[in-house]
Amino acid sequence: MMVLNTLVLKITGKAFDEGPWLLEKYVSILKTLSEKYKLVVITGGGRLARHYIDMARNIGVVSNYWLDLIGIDVSRLNALLLIASMEGRAYPKPYESLSELLSALPYSNVLVAGGLIPGQSTASVAVQSAEAVGARVLYYFSAIGYVYDKDPVKHVDAQPFKEITATRLKEILAQKQLPGEYALIDDKALDMAVRSGIEIRLIFFKHPEKIFESLNGLNPGTRILPE
Amino acid sequence: MMVLNTLVLKITGKAFDEGPWLLEKYVSILKTLSEKYKLVVITGGGRLARHYIDMARNIGVVSNYWLDLIGIDVSRLNALLLIASMEGRAYPKPYESLSELLSALPYSNVLVAGGLIPGQSTASVAVQSAEAVGARVLYYFSAIGYVYDKDPVKHVDAQPFKEITATRLKEILAQKQLPGEYALIDDKALDMAVRSGIEIRLIFFKHPEKIFESLNGLNPGTRILPE
Amino acid sequence: MMVLNTLVLKITGKAFDEGPWLLEKYVSILKTLSEKYKLVVITGGGRLARHYIDMARNIGVVSNYWLDLIGIDVSRLNALLLIASMEGRAYPKPYESLSELLSALPYSNVLVAGGLIPGQSTASVAVQSAEAVGARVLYYFSAIGYVYDKDPVKHVDAQPFKEITATRLKEILAQKQLPGEYALIDDKALDMAVRSGIEIRLIFFKHPEKIFESLNGLNPGTRILPE
Amino acid sequence: MMVLNTLVLKITGKAFDEGPWLLEKYVSILKTLSEKYKLVVITGGGRLARHYIDMARNIGVVSNYWLDLIGIDVSRLNALLLIASMEGRAYPKPYESLSELLSALPYSNVLVAGGLIPGQSTASVAVQSAEAVGARVLYYFSAIGYVYDKDPVKHVDAQPFKEITATRLKEILAQKQLPGEYALIDDKALDMAVRSGIEIRLIFFKHPEKIFESLNGLNPGTRILPE
Amino acid sequence: MMVLNTLVLKITGKAFDEGPWLLEKYVSILKTLSEKYKLVVITGGGRLARHYIDMARNIGVVSNYWLDLIGIDVSRLNALLLIASMEGRAYPKPYESLSELLSALPYSNVLVAGGLIPGQSTASVAVQSAEAVGARVLYYFSAIGYVYDKDPVKHVDAQPFKEITATRLKEILAQKQLPGEYALIDDKALDMAVRSGIEIRLIFFKHPEKIFESLNGLNPGTRILPE
Amino acid sequence: MMVLNTLVLKITGKAFDEGPWLLEKYVSILKTLSEKYKLVVITGGGRLARHYIDMARNIGVVSNYWLDLIGIDVSRLNALLLIASMEGRAYPKPYESLSELLSALPYSNVLVAGGLIPGQSTASVAVQSAEAVGARVLYYFSAIGYVYDKDPVKHVDAQPFKEITATRLKEILAQKQLPGEYALIDDKALDMAVRSGIEIRLIFFKHPEKIFESLNGLNPGTRILPE
């Protein structure tokens, strides 16, 4: 039995807010990739997650445990949508622990998850999944395609990085120089990437086809080095 | 330990489409009821379920198994929202089988589920749950508050029934004399109600407080008799 | 890895009432088929199920939930008997949900189930299993080998159908023109077959070897078309 | 919350071969006992277990693992029958591990199991269950009501013991002086009773009401002392 | 049923390295507390965890996923030891997810866990557990009894804090002014305490009886305020 | 897909007491074997198990159920250590039942377990695992490399057996002629080996490489014949 290499992909929840045109792209790309790789895919919750969390707050939910859990549930709904689209190629439900991921990996071509536990971003889930399966690279379809040296919305001269260390990125995020910085990635996910030597490659979420450039040795976004 | 009676309630998915004002009502009513009864609550998927199912179709999903599963997942998201709002009174996740319902019943004040398996409506889940816990009545917060003798949208002289047998209702549904008849209830759910002698009491979903009338012996909607 | 086609087979519980001579036939046929196909097999409960349900009624059980559960348990016992006979080819326990079926399908050559949930016939389980694995045909080893135009026990001129639509069969079943009609198939199973385009091929349960005729393009019983 | 004492009861599979008259007795006694005690009940497989194991052998099953598993499944079917008869008092499925027993104990009045794992008799399950819940006595409704000093079928002067040590009973069993001695109890179960100081009180299975004598300090069968 | 308040307690793994004299103290205190409170207890891995992780490294394990998992397993072994000592008062296995914690909470007097998932300290598990059960205080039996303004091993004039904000503690930890600072607490745990308003009360692990002072309104260690 | 033969191996807990030099040997041998065989490995608890059981006794645990459970937990910790060392070849957690073993067998190259249930030695687990997977031989890395005719520690003229029947070995063990006889094997494990025709091949645990001799038809220890 030929053993396939494993690609780990994180898809921002925003990709599910855009409607079928973008999801169709993702589905087509995942199918193509699944012929040459095992795929581990982590989906975010997007606007719907925020809507349900707001609704929960409005009806009196204050516990972060429950608010997080609702967000996780939406991200799993997005995961299920992708699973359904894989025409039998995928493990038939969102994996809910890393142990389930590893158990199913030997006989599944595509595995998809949303969040795993409260208090942890889907970015962290993606890095942990990469760590568990022994992948060295995480392909990260994110709301912005690059890390910039300042907020590109406010500064016309903001410059994108081709490469940046995770340590430096943490400093930038701490200074809140980026818009929607949470949407990009959080410290915990970066720390874990560093400890396990996992490089994160940003790709703008509206152009998922750029992953083929990345697989061909090009650099279509920012590479976050695990240093 | 005083044993509480068990109420089984079905809440149409539409209740989750209206925004917080209506959900707040439900939350408040459920909290009040939970002081005197054990509650088993079944939630529908509503507009969001249809949206995700449409999205799935748009990206190529044709299998009814998967489309149903996506609908179930949304109904469970709604169930989780209610669970979160119960401030620790509820079993902490949507129950996913009748066996789980019965296992958790002795130590849970409120149990909430969405759909259970593909090919089965949440109305059927509600009747089955009533059967499993031995309840004789199902309170049914539905998109319409009454069964009518003809389509009330088209016929100004349509008359609501105070009572109707399940058998007669099946005939009416078969003649498609009702608008959105699926949204009301399906044959399978009615058959199961008949076999186990469960009366279904319709209550208009925008007036959930009418359940107190029903508990006080009044009849604020249509009673569907298990005959 | 060559991917095998999947055959879905329903075996009436009566097959387990006849003693080893008939079961040996089934075991031999399943082993032969498992060399060319993945097999999904659904077993009924037969006389033993009725005996235990009667015994339950006699000791005071009235809830349909529990009576159904006992019937399911017997059908699973029959499933386990077949699993044990497969000499390691089979998934080692009756699958208890469609999700478990799909999870195990990639690495199992033979999967066997009895009933899944109360309120649902094993015929429905068979159709749902076919739907979940994407099969277009359900081979149905049933107590009678054909659908007839009238009760063949009472009418010597009763004619068997070579083909019949599911819709027409529902009408015949509604008129109770068939003996032991429940034993054949129920409305819910037929509805689900129609919605997912699954053809049901009846084969008389005492001649399971006729499935080879059916696989070779012949028609040894009645074909129930999903229309 | 008043904590109830826990009684552990083993019921031979033969009790399920006699038909409803005897089972009704057991059901009535269990209901009565459940008002004053928590009950842990272990059921055997009886004639049906032997029938299915024979059938399995006849269709080619040789592995003891699978033959045992079939026997366990029948004993669980018997367990389910008792659970169904308890009218909601019982944990709703046969417990399948001692961990499940202990998890469910705090909120269940009646817990029922058949076999747990291949290679282990239901007698051993009963002793282990007693050990897990900390009970000092196992009430044992068995095919014979007494241990005799020789085979009472062959010897008219055979004398029943009022008390016997487990060690002495092992010697008697080793000499095969008893009819159907396996049906009584096996060495492993006795060893475990000794190590944990559990007394086994035999009661003839056709007179389950004699347990009340035993609970009142009388000795209606043989007491097997854990020495 | 009187509802008990819930105390959440974290016990450093070092407590398991000292031998029975200290564990006996903990067991006695937990039993006493369990008469007035529900207890949620989180145990660390201690020296044994480090020993097994070292052994794993020595035989070639490099993945942090697996090294963390081994550490978690040891912390669960310590959890099991406490569970065993609770004489039936405790949920009978270490809970492995927050959902399991919440499911078991209504009917368990004592719940114990070690680590939950790789990449997360047992300190984080403790804060998350407090968040999930809605506790406002975490009692934290740690290797050092106070936070100091400088390393007390190197500086004789180091002063202990009676109170410190979590934010300030993070700065101190960042400057590595404390010995064995990891053993105290990590940033992620502190962040989560802040977001959910959970105060952490340090108690020196060799004097667990000081928790009674704390419960009586005294302050026997450092209070870490969620600010 | 070429089907691999399955080897079942029992490793005494003592192998984990010796430090990395010996474990490295085992890891290397398991990796080599896993290229030609499927491996099922059962690990004991060793000195650490005894230490934790002693600690439990010292803090007041008297129930054999709990003491056994602690021993099982340590044996599973040793199992996890081996799993971690297999670099992704192994099923990712200790299997906890024979059903889990059989479910995972088709897609796992290496499966590892410690104990399964209280009241059962890891030797019994090994024999049962062999029975479940249909293996005829159990390779048994034990604290002593041979069965002797008398205690070799006390008698300089003690002679090792090249072969011995399980029945004869039981007699020798009953006479307690062997040192640490429990550490060798218990009656229950031998009984089960006999009933299922499983030969046990002793190999001295400090020389695990001798398994290659055994696989090549030599006899580096004592063969325990299932008679």
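For clarity, chains are labelled A, B, C, D, E and F in written order, and residue numbers in each chain start from 1.
By definition in this document, a residue touches a chain if its C-beta (ideal position, glycine included) is under 8 Å from a C-beta of that chain, and two chains touch if they have at least 3 such contacts.
Each chain and its UniProt protein: A, B, C, D, E, F = UMP kinase.
These numbers come from a predicted model, not from an experiment.
*Asks:* Under the document's definition of touching, what chains do chain A (UMP kinase) and chain E (UMP kinase) have as common neighbours?
*Replies:* Expected: B, F.
*Asks:* Taking each chain's centre as the mean of its CA atoms, which one is farthest from the centre of chain B (UMP kinase)?
*Replies:* F
*Asks:* Over half shared or under half: which fits the residue numbers at the contact of copies chain A (UMP kinase) and chain F (UMP kinase), same or different?
*Replies:* different
*Asks:* Out of A-E, B-C or A-F, find the interface that copies A-C, where copy means more than half of the contact pairs are identical.
*Replies:* A-F
*Asks:* As a quick test, compute the distance in whole Å between the mean CA positions of chain D (UMP kinase) and chain F (UMP kinase).
*Replies:* Taking the average C-alpha coordinate of chain D (UMP kinase) and of chain F (UMP kinase), the gap between them is 31 Å.
*Asks:* Approximately how many whole Å separate the CA-defined centres of chain B (UMP kinase) and chain D (UMP kinase)?
*Replies:* Their C-alpha centroids are separated by 43 Å.
*Asks:* Mind checking the centre-to-centre distance between chain A (UMP kinase) and chain B (UMP kinase)? Centres are C-alpha means, answer in whole Å.
*Replies:* 36
*Asks:* So which bits of chain D (UMP kinase) are touching at least two other chains?
*Replies:* In chain D (UMP kinase), the residues touching two or more other chains are 1, 63, 106-107, 134.
*Asks:* Looking at which chains touch which, would you call it a line, ring, star, complete or other?
*Replies:* It is other, because the touches fit no line, ring, star or complete pattern.
*Asks:* Chain pairs that touch, all of them, please.
*Replies:* Every touching chain pair, ordered by label, is A-B, A-C, A-E, A-F, B-C, B-D, B-E, C-D, C-F, D-E, D-F, E-F.
*Asks:* Note which residues of chain E (UMP kinase) are touching chain D (UMP kinase) in the complex, please.
*Replies:* 1, 88, 91-93, 104, 106-108
*Asks:* Applying the document's contact rule, which stretches of chain F (UMP kinase) touch chain D (UMP kinase) when the two form their complex?
*Replies:* Listed in rising order, the residues of chain F (UMP kinase) that touch chain D (UMP kinase) are 63-65, 97-98, 116-120, 124, 128, 131-132, 134, 187-188, 192, 195-196.
*Asks:* Provide the residue numbers of chain A (UMP kinase) that touch chain F (UMP kinase) in the complex, in ascending order.
*Replies:* Listed in rising order, the residues are 1, 99, 102-103, 106-107, 134.
*Asks:* Would you pull the chain D (UMP kinase) residues touching chain C (UMP kinase) in the complex into a rising list?
*Replies:* Within the complex, chain D (UMP kinase) contacts chain C (UMP kinase) at residues 19-20, 23-24, 27, 48, 52, 55-56, 58-61, 63, 66-67, 69-70, 73-74, 76-77, 80-81, 83-85, 87.
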